[in-house]
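To start, the structure itself, in structure tokens.
We just call them A, B, C and D in the order they show up, numbering each chain from 1.
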Amino acid sequence: MTTNRRQFIGTLGAASALIAAPSVLRAQPQGVFRIGALCPVTGAGAPYGSGMQKMITAAAEIVNAAGGAAGRKIEVVSEDTQTSPQAGVLAAKKLIDVNKVQAILGTWSSGVSLAVVPLTNDANIILMNTSGAPALSVPPANAKGLSYRFQATNDRFGRAFAEICAKEGFKRPATMAFNNASGIGNTEGFRKAWEAKGNKVVANVVYEPNQPSYRSELQKVLAANPDVIVTGSYLSDTTIIMREWFQSGQPVKWIIPGWAANPDLVKATGPEVVEGVISVDSISNETAPSFKAYAEVYEKATGQSGQSNIFSAMTWDMVHALALAIEAAGSTETAAINAKIREVSNPEGTKVYSYAEGKEALKKGKINFEGASSVLDFDQYGDVSPSFGVFFIEGGKLNRRYVVNI
Amino acid sequence: MFYAQLFVNGLFQGLVIGLAALSITLVFGIARFPNAATGDSMTLGAYAALAAHKASGSFIVAGLGAASATGIVLLLAYWSVFRKLAGRSVVALLVASIGIAFLLRAVLGVAFGHGQQVFQIPLARPYIFGGLRILPLDLQMALVALVTLIAVFGLLYLTAIGRQMRAVADNRDLARVSGIRPGRVMVALWLLAGAVAGIAGMMLGMKTIVTPEFGWEMLLPAFTAAILGGIGSPVGAVVAGLILGAMQEFSTPFVGFTYKIAIAFLIMLAVLLVRPRGLFGRVEGVR
Amino acid sequence: MEAYLVAIGIIALIYVLLSLGLTLQYGLTGLINFGHVGFFAIGAYTSALLVMNGAPFIVGFAGAALLAGIAAWPIGLVSLRLRDDYFAIVTLGFSEVVRIILTSERWLTNGVQGIPGIPRLYSDLGGAAGQIATFATILAVTVAAAWMIRRIAGSPFGRIIEAIRDNEEAVQALGKDPPRFKIQVLVVGAALAGIAGAFYAHYITYIVPEQYIPLVTFYVWMAIIMGGVGRVSGAVIGSVILMAFLEGSRFIRDVVPWISEVDMASVRIGLVGLLLILFIIYRPQGLMGDYTKR
Amino acid sequence: MSLEICDITKSFGGFRALDGVRLTIETDALFGIIGPNGAGKSTLFSVISGFVAADAGEVRLNGNRIDALSPPQRARAGMLRTFQVPREFSHLTVRENLMASAPDQTGESLLGLFFRPGQVRTEEAAIAETVERTMAFLKLDKVADVPSGKLSGGQKKLLELGRALMVQPKLILLDEPFAGVNPVLIGEIMERIKELNARGIGFVIIEHDLEALTRLVPRLAVMDRGKVLAEGAPAAVLEDPVVREAYLGGVS
């Protein structure tokens, strides 16, 4: 044991010395701004993760082709969060300590973002995420104001649901939520917004994943005689619920998040079952030139349509907003960049849609970058407020009727 | 009526649990270890049934496909893994069965992807019996379960190999002395346990959707039913599955939908402590 | 680089602590605990909640060990009456129930939203120094735990628990009550898992019920089976291999590019399964040899 | 001072293993029980030692009913048993097996182990001494540090006896102590048993080996199909016609 203790103290001393080493060792190579692409390449986020990662790399290439930002090339180091907080933390540690990145982009699930944000705050670097949890907006997570969210919060989704509910004239809504942060976030957001309008929710049910049947859950909700059921659900459970509901034969309308009520759902249940279901999704800025540019690159990189992965449009925007802020700051200091992120993305200013365009316009004055995922305007919490498309499923097709802005 | 409906919902869910428990109890009774690969064998059965259904359009073919694919894979698992562990401790077999569960899930995940798959079944409105809603699909399901049970019990009680299986379950040493070749019995056991798990998986898949992870979640309720029914008792497993399913659903107005999963655990604990041999079990203890 | 290695070291040591608990329970006493992650979760939540409500860290850690230990008590009482394999199923169920309770009791645990912003150890020392200090602390605790388990193994108590593992009825025939020993072992192993959980919570700073799934238990089983059952060195080596496996799988795709990203999670779990099977069949004594080769 | 077995009945499923067994044995006696396979001898031991609960009947030790006591409690009352198939702690050495068997060790509780290390050390030294004496007495000292799983069948039987002796027994139930043991060692074991009996330790011995048993015990009982057929001095019992019929199958 004694040798162990001595060895241990020796190792400890050596390690502290190395880490406390002068900043020369930690300095970045000249002319490079290094960012970490920390995406859910494996695990539950895998359907999106690799596309997200590819768009970070592709956007960085575009920035570099336009001469870089503040005279520096953007260099990307990629890591996988495995959609797990533990793996995410280790990967972030590696990015920060080994690769010395100056910003981390692309964390997806709320669990990973919440676990990584203390590290980026400590290292005093920027974190850009696509997570939904409301906790990310406020301290302690966003104590330093260095965290930016490119996705609508679950809360905002809920508010959109309430808006739609009112617009469609429903009077007796009930909710069904998948028991996880996002599912409950949606229905709770809805409940708060709906009750704030002076209305009542007739039933709330929270259900567990991976059950062989949701018939009893449905039975409870339907017993309250709602005219519409608002869900915070995913594709697999929504499939089961819709089939069981259809077989029950009780008429009711549905408002379902877009990641659950999508063409895959129609395929799984058949068009008859989901006829008239209202699907709500945050919509990309699809008419903007920035979206076109993104979609082109995305299709080339993955062979799929740009609309199929909204998160990769977000990571595309991350690199753009960050690079424009660097260019505007003329510096690679975090504080200077952070001060410019809202300035280059929010109004007032010349609307710009690409990096080259923005870089040019910056010479003349203020700019307002309009992203591919949204118009990209950050509020005081660093959250964007994208628009929500309201789709009605008709004859097996999702038809967009209107757009809601919160 | 509300409660009666919950009860009926539960009974139909209990059918799947009961079949899964039947597979577990057969293995537990004869090979003498809790087979943790049962859940993922069900997943395999569901995928096999999906493939067979897509190819043929017939649910009978799908059922046969599920039963044979799962039976064969479990037999391979026996030949390549469990047989090599003969004479080792229960832990060794148990850990190995978890290894097989993980391996199965991984292979299915790579082969079929992580997206959900569904059986293309025409949906139909329920029959209403005195206010109770009963789905045609559930009745068909019950029929499938019934046919499976008849086949299993026929095999166990009317055939020579079935009698030998029961003899081994009763007393392995005695069975060996009386000239039963354990090798043949084990082959029959794994084919049968696999086929039953496969059918259970198909039924679960038809009721819900199929993903590579969905079978594992059935393990705890299935173990509970096997214990409640009395280890080694095929009748007990099925009856206990029905009871468990009904109790879980029936409890939801009182404990909520989250805690209904914990009900299985509490029942298991209570049975083990109060009546360890379950409803239909033999005297052989759990101590 | 060093800080990354220290980070890996911290996680690896957390797994060593977990493995040491299981070494005591399974390796020495023969108790098949498939619910280890439940005690890990209890420790994590206890310390996080205590410290976030103003308790000092030491109270948080003590609370974690205490509550995890107390939770093991009823499980121990059950174990008196059950055969090994039944006990395994009961413990597996226990850990799932813990997860369900953490999910459901939102007033306490914030449910599925999890608890973010858990204070870190030594946060006043700043990044690198705090990291090193954390590592030093967990190393010290792990060494103390390892010392304690070796001490137990070589003691009169250790003789009895190994005797229980080898033949429980013979122990009874000598006038000793196996349950008394098993309960102590379960409580101590659970307390170690609880402490590991507290370190985990204060290191990752965010905890949520879905982190505490049975797969974590089986990771620890994989570690002790690979390392060698019933040996402290086995627990350590096994955890190091486990960590290398978990982190190293980042690089698997570089070696076998035909595995798509989406499939990596499957490949990881498949490898766990394969390793469990291969070790159980071909090298049950693990890399360091098991208790038979002490 | 006696062990009384009153009308013990035990069935497994439909099989009646013990059917109203009635015996009274002095606790300092050398008493034998013989009978064919399946006569219920080992089941009787399991009932006496508490491992199997009887369906009906009573077991009394020195006049007190002990049916409600657990196996360890009965052992602590001074009544030890061995097993037909030796149950050594196979990964422990012979010495460790014996040391583990010593009763009431302070180091057996974790609190004692960590908070009273001095006491533990003192006790260990004393136990080690007793173990040395026991091993010498049973001629196990040559294999003191061999893992007990590697011992021969006879040595394992001796080790079982040794473990029981470590508990300071008043009465030892020996389940087939000579089965599978080579004849030289049988003589050895018999000598030890006689010596111990001379020191006041009683033995109840189940045995197949009729000849060995008749040399050892002054009194024995014959069991068959869960019943005691006869009881008395070996010569008298073996002449009993019922016994000859049942056990010796009519061989004259």
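Observations on the model:
Methods note: a contact is a pair of C-beta atoms (placed from the backbone, for glycine too) under 8 Å apart; a residue touches a chain by one contact, two chains touch by 3 or more.
If you're wondering where the values come from, they're calculated on a predicted model, not measured in any experiment.
Centrality by Cα centroid goes to chain C.
Across the assembly, the mean Cα position most removed from that of chain C is the one of D.
Distance from the chain A centre to the chain D centre is 73 Å, each centre being the mean of its Cα atoms. Centres computed as Cα averages put chain C at a distance of 42 Å from chain D. Mean C-alpha position of chain A lies 33 Å from that of chain C. With touch defined as above, residues shared between interfaces to two or more other chains in chain A number as follows: 46-47, 179.
Multi-chain contact residues, meaning those touching two or more other chains, occur in chain C at positions 103, 262, 265.
Across the complex, chain A meets chain B through its residues 46-47, 179, 205-208, 210-213, 215-217, 219-220, 223, 235-236, 239-240, 243, 246-249, 264, 268-270, 272-273.
The touching residues of chain A, counted against chain C in their complex, run 1, 4-5, 8, 12, 15-16, 18-20, 41-43, 46-47, 49-50, 79-80, 82-87, 89-91, 93-94, 96-98, 111, 114-115, 118, 122-123, 133, 135, 139-141, 179-181, 183-185. Residue ranges of chain C in contact with chain D, taken from their complex: 151-152, 155-157, 159-160, 162-163, 165-167, 169-170, 172-177, 181, 184, 188, 291-292. Residue ranges on chain C touching chain A, taken from their complex, read 1-4, 6-8, 11, 103, 111-114, 116-117, 120, 126-129, 131-132, 135-136, 139, 143, 147, 203-206, 208, 210-211, 246-247, 250, 261-262, 264-265, 268. Considering their complex, residues 49, 51, 70-73, 75-76, 80-83, 87-92, 96-97, 99-101, 103, 105-110, 113-114, 120, 123-124, 147, 163-164, 166-167 of chain D touch chain C.
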